[in-house]
């Protein structure tokens, strides 16, 4: 789906409370947030603070118990292909080959066979799985499954990408490479990204804006634009003093609650 | 519905395209006719379909479903059918149930009066059931004085061989087996018949078929008559034919045939049978059934008189 | 559980799970929930009446609702010096059959679970025994019931056996299939925690197959009900199946239809109970 | 699939999956695999013979193996001018029943899958229809078969209907239960990729429930076989169930037992075919 | 299970080949390796190189297609409680509460109720899940599930701990804390640990010995003891020049294969 029209993401007084088996759990405190089209918002926060919950609300998988989530003019009430989701735990279909999983999005919107193949080849190559196109998902290692999931979402070309720790199970080299690929894809595409990660470095490297969430119930305790967001990426940036400084700045916020 | 089963189209000579016949595994003339393919010979241009049924009740259902033209059913189901009323008539008596059905009991039981409080099995709604109740009635016992148990004939023999029941009113071959195991015969249907409680295996033909193809019914009856004559003249040959149909030994078939009473066309048209006796018997059976609460209503007498016809037996006997 | 319910964009967003509840709306919701099934029942009854009015089929086979109702009333009264139908009240018939079914399915549960687990976990056992299970579960009761009578008599024992034989295969097969669907790592994790053969069964296999076990049990109950008439062809009074069989043979269709309805409704209630139990026992369904 | 096979510490470790294969060992393995079931069959036959020798029960109920064998030979020959048994060869009886079963179960598959999916995914439909499904699946064929005869005649149509009615509930219920076990995220992922209501069914729901569908189908097939005698009580010749019913009533137990064995073996073969198909179609079983 | 006796882990010419749906996959090239009791072996390597396969071979979940895995004198042919496993993807039992999951090991060896409770409380506290003891596993966030799994294995007190990216889904703070806890538990217990991670820093911080694996088929291309393994842990160490130097040294090996 080509990014068109207005897809500003707005959360207005959104809170979420789970009905637990024992007690209810207030996962998200009421919070408001607006994400402009084209922004790359990276979210960090302690384990269990409500990041996944926030992302699922935007995806339309959950309905907030308070407040409203909207994209553009429309209230979010269900998932939509304009919002692609990379799940925290790989979620591939075992009855489809790796390739078929990646082709699924295009297939659902009835893209032609050649087009589908082209897309699958491209994104499988991107994540380094060309060799495994015909394998079954359960024959992949954990990190490979995660990469396949990323390829699946990218092949669907969503206007808004919701990524829940997409690089969590990847080794440093692969991770660095995929960070750069993701940045390249996002750059100039007008796509919006909501990117959850545990790595402050990753957040700072990829984001145009970094959010830090407090421990549960999750609130946003830090929300700043990344000063060098428009610059070049690469190993040089990671070593640059302003990068390190901003990284330390963000890191200092975590656990501030 | 399956009207296509039913013979409706006619051939040039007035014989139907197809005749569907409901038969049962009872060692009488019907099986001789089937085995010798006499009907097929008598109706060279007609398709004859033989359908095996397991009880008169299901024959009644098939008639209502328009699935058969001619069928075989005991006098109890026919009496119920006419009371319903089902649109069929009796053109022929396959046999009078003689010693083929009987009340057998454990040896220590000496009379019907001793049956009070005992467990007697019989297939409900069958001619045997009717005969059992009639026998109890004669002895001044009601249905409630005896524990009457419903069971299929072979299950009855199984129950008997374990000693679970004190007796049974049942037919061959299970009757013969129970007797062979030391059962005492208290009364047979033949004896009851002599006291006016006759049971029959009857033929039924749907009113529609009889009206449209009277000639065909006559020809059918003629073949049945021929079978009865064969049973009388050459019982060995008849037994072989029946044995082949039942997958049993000819000797066993012969023994079973001997326990039934067969009447040829000239005998059947008499007042004792199709000429009046059968109709009276059916009415009486219906009334008896109603008294026991087994059928809701009895039709007027004419239904039963009209339900039995000598027309075809007379024509065939000529 | 998946509900694909069309949502209009204007629909209020909140399925507020933690919203405070009041009695009024609750009652109204319960009524609302019952309304549609009741309506559908009414439509069905109207259709039935219509068929009878049109005289499409003889009343012999499709009795009128009113006469079935009369039989129902009669079935719980003493009339002509006789209790109910064939000497017993309807609820006595029903209870006689229900108790046979509960016994048959009860034994089937124990046996079916054990058999299913053995089939799934002990390969030599499966090689030898599975063909026999498949053999037995295809056998028509009408063809072998006499054997049960010879072995177990005409009383309840043979009937319960027949119901048991009808009920255990779906349970065993569901358990077997459930075990085969368990992810390997689930077993591996338990074994690496020190679980022995039977501890794996108790702590992993059994809980894992609970959903399938419930499905199997529901199927088994249904099968048992379909077999009740066959089981009660011999000495089946009191018994709702025996009553249906006997009255059907006499073409007392109104009683037979009454029996059929009684069987169906009892089965629905039983099924509901099992489903409620399942909800309590397997809350993780569809979540993990 | 879990195999808990005791391993002795000295046992060679390698289940070397990629080891080169030769024909000799393969044949020996196949023979080895068949050996145990064949042995168990031999034991069974010996037991049968023993029971007959001991005369525990009358030969009328437990015929001797040799006379069943004679009937089998006879059943495929012309004797006394008549073909096989009751005018048809055994394989004709068997094929007549098998074809009814395949038609009944075939319709049941289509209907059961659709019904199961609708029940699982459309809540109002479930509320209205599920009670009727539970009603129908409890009805004893012996009690309502007359109605089918009235509606569809005594030919194959009513028989196939009966088999269909016996076969669809396990399929529908298995599918329903399978759908309820699908993890939410599986559905969510597809919808976030743009799947509409029916695309979710096609690409996620249906493949997800394949294991349950196979279990349901296997149960349905078995269940259809158990119903074949009831279906063939009327106009059941040719038909293996009709033959069993007719000969059983006449205490020709050897033929009846022959029919039972034929039914059981055919059911085993059919079940094996379905299982093989399942292995091919659902290779991910137990892996994801 | 108290660490007693000899539990030297030996892999002798071990290779593993999966029968794939399409082609077969040689996951591990033949490799030999010995791990002495009490060692803390950290393994890093690119995604899909065979780390999980190696760990599952030692756990006894897989049987090598070539070679022999042995612990002490005994050939490994099945899992055993002496070898506790933290799975890469959380693997909790949904029919048990969080607490019951943690109590499972002690329960399997028929520990008393009080003992079980004590162990569960201790390790749930350690991983910060005391509050969620009565919740169902599927009510936990991804990182919380991973922590629960760690608690479950620790409560079983295995002589050999096999950990497959145990801290992969945790934020930096939680991760640092759990690293120190794990180190403390291991220290002086005589336990052996085989620890897979994607973070070279983590490997160097925790390990007494670091292995680097080559891309598939996995071989061991680097195997060195950590020079400061016996020293103090803590923030100071992470900043120490010899730590940074060794970290860089290891990082330089990755992808060398």
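Per-chain residue numbering starts at 1, and chain names A, B, C, D and E are given in the order in which the chains are listed.
Here, a residue touches a chain if its C-beta (ideal position, glycine included) is under 8 Å from a C-beta of that chain, and two chains touch if they have at least 3 such contacts.
Owing to the predicted nature of the structure, the values given are computational and were not obtained by experimental measurement.
Asks: Which chains are in contact with both chain D and chain E?
Replies: A, C
Asks: Treat each pair of touching chains as one step and give the shortest count from chain B to chain E.
Replies: Counted as steps through touching chains, the separation is 2.
Asks: Which interface, named by its two chains, has the most contact pairs?
Replies: Top-ranked chain pair by contacting C-beta pairs: C-D.
Asks: Taking each chain's centre as the mean position of its Cα atoms, how many Å separate chain B from chain D?
Replies: 38
Asks: Averaged over CA atoms, how far is the centre of chain A from the centre of chain E? Could you give it in whole Å?
Replies: Measuring from centre to centre gives 28 Å for this pair.
Asks: When the centre of a chain is set as the mean of its C-alpha atoms, what distance in Å lies between chain A and chain C?
Replies: Here the centre of chain C sits 47 Å away from the centre of chain A.
Asks: Which chain D residues sit where two or more other chains touch them?
Replies: Residues 57, 61, 146, 150-151, 184, 233, 245, 248, 283, 287-288 of chain D touch two or more partner chains.
Asks: What positions in chain A touch 2 or more of the other chains?
Replies: 18, 21, 78, 89, 136
Asks: I need the residues of chain B touching at least two other chains; which ones are they?
Replies: 61, 64, 152, 154, 158, 161
Asks: Would you mind writing out the residues of chain C in touch with chain B in their complex?
Replies: Counting only chain C, the residues touching chain B are 57-58, 60-61, 80, 82, 87, 145-147, 149-150, 153-155, 233-237, 242, 245-246, 248-252.
Asks: Quick one: which bits of chain E touch chain A in the complex? Just the residue numbers, please.
Replies: Checking each residue of chain E against chain A gives 18, 20-23, 25, 44-48, 51-52, 88-90, 97, 134-136, 139-144, 147, 165, 168-175, 198-200, 251, 254-255.
Asks: Taking the touch rule as given, give the residues of chain A at its contact with chain D in the complex, in rising order.
Replies: Counting only chain A, the residues touching chain D are 1, 59-61, 78-81, 83-85, 87, 89, 91-95, 104-105, 108-109, 136-138, 152-153, 156.
Asks: Spell out the residues on chain D that touch chain C in their complex, using ranges where they run on.
Replies: Within the complex, chain D contacts chain C at residues 1-5, 33, 36-37, 40, 57, 61-62, 120-124, 127-128, 131-132, 134-144, 146-147, 150-151, 166, 169-170, 173-174, 177, 179-184, 187, 197, 200, 205, 211-212, 214-215, 218-219, 221-223, 225-230, 233, 241, 244-245, 248, 256, 259-260, 263-268, 271, 285-288.
Asks: Sort out for me which residues of chain B touch chain C in the complex.
Replies: 55, 57, 60-61, 64, 80, 84, 86, 121, 123-125, 144, 149-152, 154-155, 158-159, 161-162, 164-165, 289, 293-296
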